[in-house]
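Both complexes shown next keep subunit A, but they swap its partner, so subunit B is in the first and subunit C is in the second.
Up next, the complex of A and B:
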């Protein structure tokens, strides 16, 4: 039995906006185990990033946002912690890598300075110790001649290098949980592969839990242990990675999988698309949220929202028609 | 691979060197900026070495020579008490530069303080910025006179009063710049790293807003020289007999028809100083702002 690092229970994140309160995350529950990579998948605007940033409570709670539910980091409820204790958790126990590597680094400091920040804040290291450690971190994330890179500014590095520096920043205090929020979106394909390999390798080496947020299903297939599919602030399907790809049970998951272009098969076959777009948060449909775009929609879908039901040891699905749908048939 | 990297680095380093040189060249190619900075530099040197340069003691009265027109004995003439106007103008530069520097620096420090905290804490924003609005609503000279009336006229109070006058502008500039920086991902990344608010404000936001702040500080410097001259001219600034450009003008106004040199030389010195500082400010803006090319 492996240990759970993070457990999220019924997380609700609602934003106060001019047009009323909008729930960007609505009752999300999942967990991450030690040494595990959990993929969080969905289209843009499904609440993946909001979920991850809510875990770290990065939004302005005084004016902007209200959290409900529990986020348990090794049994400790982060939602109940006062702000200054939360500062000890962020960066030390949980770290995050953002997708935009250019704007994630402060242009007025060298890369080394930025890696040292977390070490000085959390470990109380002296500048000299922190520098040694930072160079070690740069080497760990595969940056050649780290001593030189230490003194370079972010604009002097390429996108892939900057993302590596970001990962070095995130990992400098050896967090128990790493949140990677679309870490490879801004990079080209070869660099993408390198960065993903690096994350997987470090995940094995340091035995930390990873939440990988992405809309690239190929990346998910290669790296994740388990996958949670999100749609409009809810998890619609959760399963281990093989089940998701071999036996998806939610129409949205199937739609996502069918939307991947394939090389084999009929050339003339048109690429499958999911009809419509993700609705805005103030236009959430009644009943099942995916209904307006779902090819299997029936009357019951319109009136009642399905619960997330367990259908096997590892698979959970939020759909009324689970029994009738098998792999798209 | 390693060799390639090495070459790439070599190229990059060369580019950086180029860039640094480009920035300096940009400054030197901007003729106005060079003129402005040389004027300011000259005045600063004059102010520092006033005792050495000035041909006579600025307070030394030779009653026999009162109102001597400019000539070989008194290059800028002598005033109503027979004091050397050149020496007084030179020592006046010291006062002006001192006041300008102090006001420029203190308005920069306090303006940034207010601007940064107003930007970071929304509950402070309204309070602080409305106070600043209120202060900006009163014409700066009038406000300075009122403050001098309350504080009493000493050189230190001139600096204090004018800092109060110029802080709101600086607060506005730094708040606007900080608002932009605050929304950047790297600030969010720092919060995700667990940095405390004050660390984020001073270590991560402040350095990123320095360029507009420095430009505004140079304008504040220039404006405070004018305001100081105005205060002294009105008799609420630097106390007489200490020489300041405004004081010399004040003493000259009663003999304006006979002693034109008492008005022209300190007036020209003030104009020159302000011109130089404004040109320097424009040059700095062009150099520091990436949007102007």
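Up next, the complex of A and C:
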């Protein structure tokens, strides 16, 4: 237990929207060990970003969302913390790299300013110390001529450079947990590889736990220790990385795996081979949420929702027919 | 920044060219002989011919255009059929009261609207937001003359606090009296403008508060107050400057109704009177002036954008 950095129990995130309450995340539980990389995968819109941002309680609780469940950071329930204590956790203990680097950096401040901010807040550094450290961070994440980049604005940098600035921001205070939300989507392949290498290296060096959200199963296979597969706001399968690839048991996971191109060297870009599309949040089917798209669906799938069940030491599956379904690959 | 300013100035040239043609055509687009239109229904053909000749309406259009344009460059904007003095003089006399009324109202509007708009956004959906939104809807739908008349009834007729109408220049009566006379029209106009500005400020602030970079700031552990004051406000300023600039433009063209109710001899009243007596040359000069000031204000707004937003300054 002592090595467990993060434990999420029954997390529910509901948005209050014009069309009513939308449960974007519905009863998600998982954990991250020290020095471990947990992959979080699933099609677009299944709640990966919402899950990760809910862990840090980033959505406006007064107007926009309601959270339920527990998020334990080394045993401390973050959901119960008052706002000012949460401020000491965010950026210091847990840091996040957002999906879209252009919209996530403030356009009117320089990159340097935005990296220094966390250092000044959490480490009590003076401006001068923070600047030195920020430049050091820029160098660490592989940005050439960091002194120059320090004074540039986000829109002046390329997507890859901006993503690195975000990583520098996130890592500046050496967090215990890093959440990387598709840190490499939209970047070209070599830069993707460099950034992933950097994250893995820091994960080993600092024994930092990582939640890696990605569409790219090849990246998952190379970097993650364990994988959680999400579908429509729920985890449908969780297992160590080898089991997920060699012995997936949920029809959705199998579908995802089948959509990986088999040709050597060609990478999976978007996963859309599974028939049908993800339903909207206000049209969630009764019973098993994957039923309308599932080739194995039976009567019980329509009437009752399966629970996430443990089927071996390391594998959890949310499906009525685990016993009958075998890897169709 | 210098490069940006120069670029911005260069783009003005085609704009001004188009504007000048449009204004010139203003007179010539009136159906029939413009001289006849000016003189009205009872004019004799001889009088019309004489006026046409003296104003050069018989020459080909391009000749007239260049004559007019070169006149404009030399400060000759034509002559009024009814008001004595040079056109520049006439414009200046009427522009001063309008400029004062505009400045005071915008000042009042900004002081009311920006804090309230931000407050409404921050407290979205809750009591303060609902109250503020209600007031702003009332303000938007309220005709300005009604508010003006209401204020006169209350503050001047009932309470006797302020003079009901009239304009007195600072040079003649000093600041105190001048402001006493300007107070009511400025409040009337300022409140209406404020109503609109509140809505724009609120929505631009709301958009910013829901943006990724605000959540990113929160994710770095930036305290709430600082998120508002540093991360959000700077971005919101871009929208606020736009709103203030637009308000300025619309008021400078003359708040005709307000100027009439409070009897302020501004551009609005000049336009109204000139339209009624078909004093086309004055109308043309007013439109020219309003267009030029609008171009100028747009330029100023753009320069302020450049100061606030590096994306504008560094150019894309």
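Just so we're on the same page, the second predicted complex is superposed on the first by the 317 of 329 C-alpha atoms of A that agree within 3 Å, B and C clash if a C-alpha of one lies under 4 Å from a C-alpha of the other, contacts with A are read in each partner's own complex, and residues count from 1 in each chain.
In this text, a residue touches a chain if its C-beta (ideal position, glycine included) is under 8 Å from a C-beta of that chain, and two chains touch if they have at least 3 such contacts.
None of the values given here were measured: they were computed from a predicted structure.
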{"item": "Side-by-side fit of subunit B and subunit C on subunit A, or clash", "value": "clash"}
{"item": "Partner chain(s) touched by A:75 [first = subunit B, second = subunit C, both, neither]", "value": "neither"}
{"item": "Touched partner set for A:144, first subunit B, second subunit C, both or neither", "value": "first"}
{"item": "First, second, both or neither for A:124, with subunit B first and subunit C second", "value": "neither"}
{"item": "Subunit B versus subunit C as contact partner of A:98, first or second or both or neither", "value": "both"}
{"item": "Part of subunit C, among the options 25-33, 151-159, 169-177 or 259-267, whose backbone runs into subunit B after overlay", "value": "169-177"}
{"item": "Common ground on subunit A, meaning residues reached by subunit C in one complex and by subunit B in the other", "value": "56, 58, 62-63, 84, 87-92, 95-96, 98, 100, 103-109, 117-118, 121-122, 156, 169"}
{"item": "Touching residues (chain side subunit A, partner subunit B) in the complex", "value": "56, 58, 62-63, 84, 86-92, 95-96, 98, 100, 103-109, 117-118, 121-122, 144-145, 148, 156, 166, 169"}
{"item": "Residue ranges of subunit C in contact with subunit A within the complex", "value": "124-126, 209-213, 215-224, 231, 234-235, 308-311, 314, 316"}
{"item": "Complex interface listing, subunit A residues touching subunit C", "value": "53, 56, 58-60, 62-64, 83-84, 87-92, 95-96, 98, 100, 103-109, 117-118, 121-122, 153, 155-156, 169"}
{"item": "In the complex with subunit A, residue positions of subunit B that touch it", "value": "2, 5, 9, 12, 16, 122-123, 184-196, 199, 204, 207-208"}
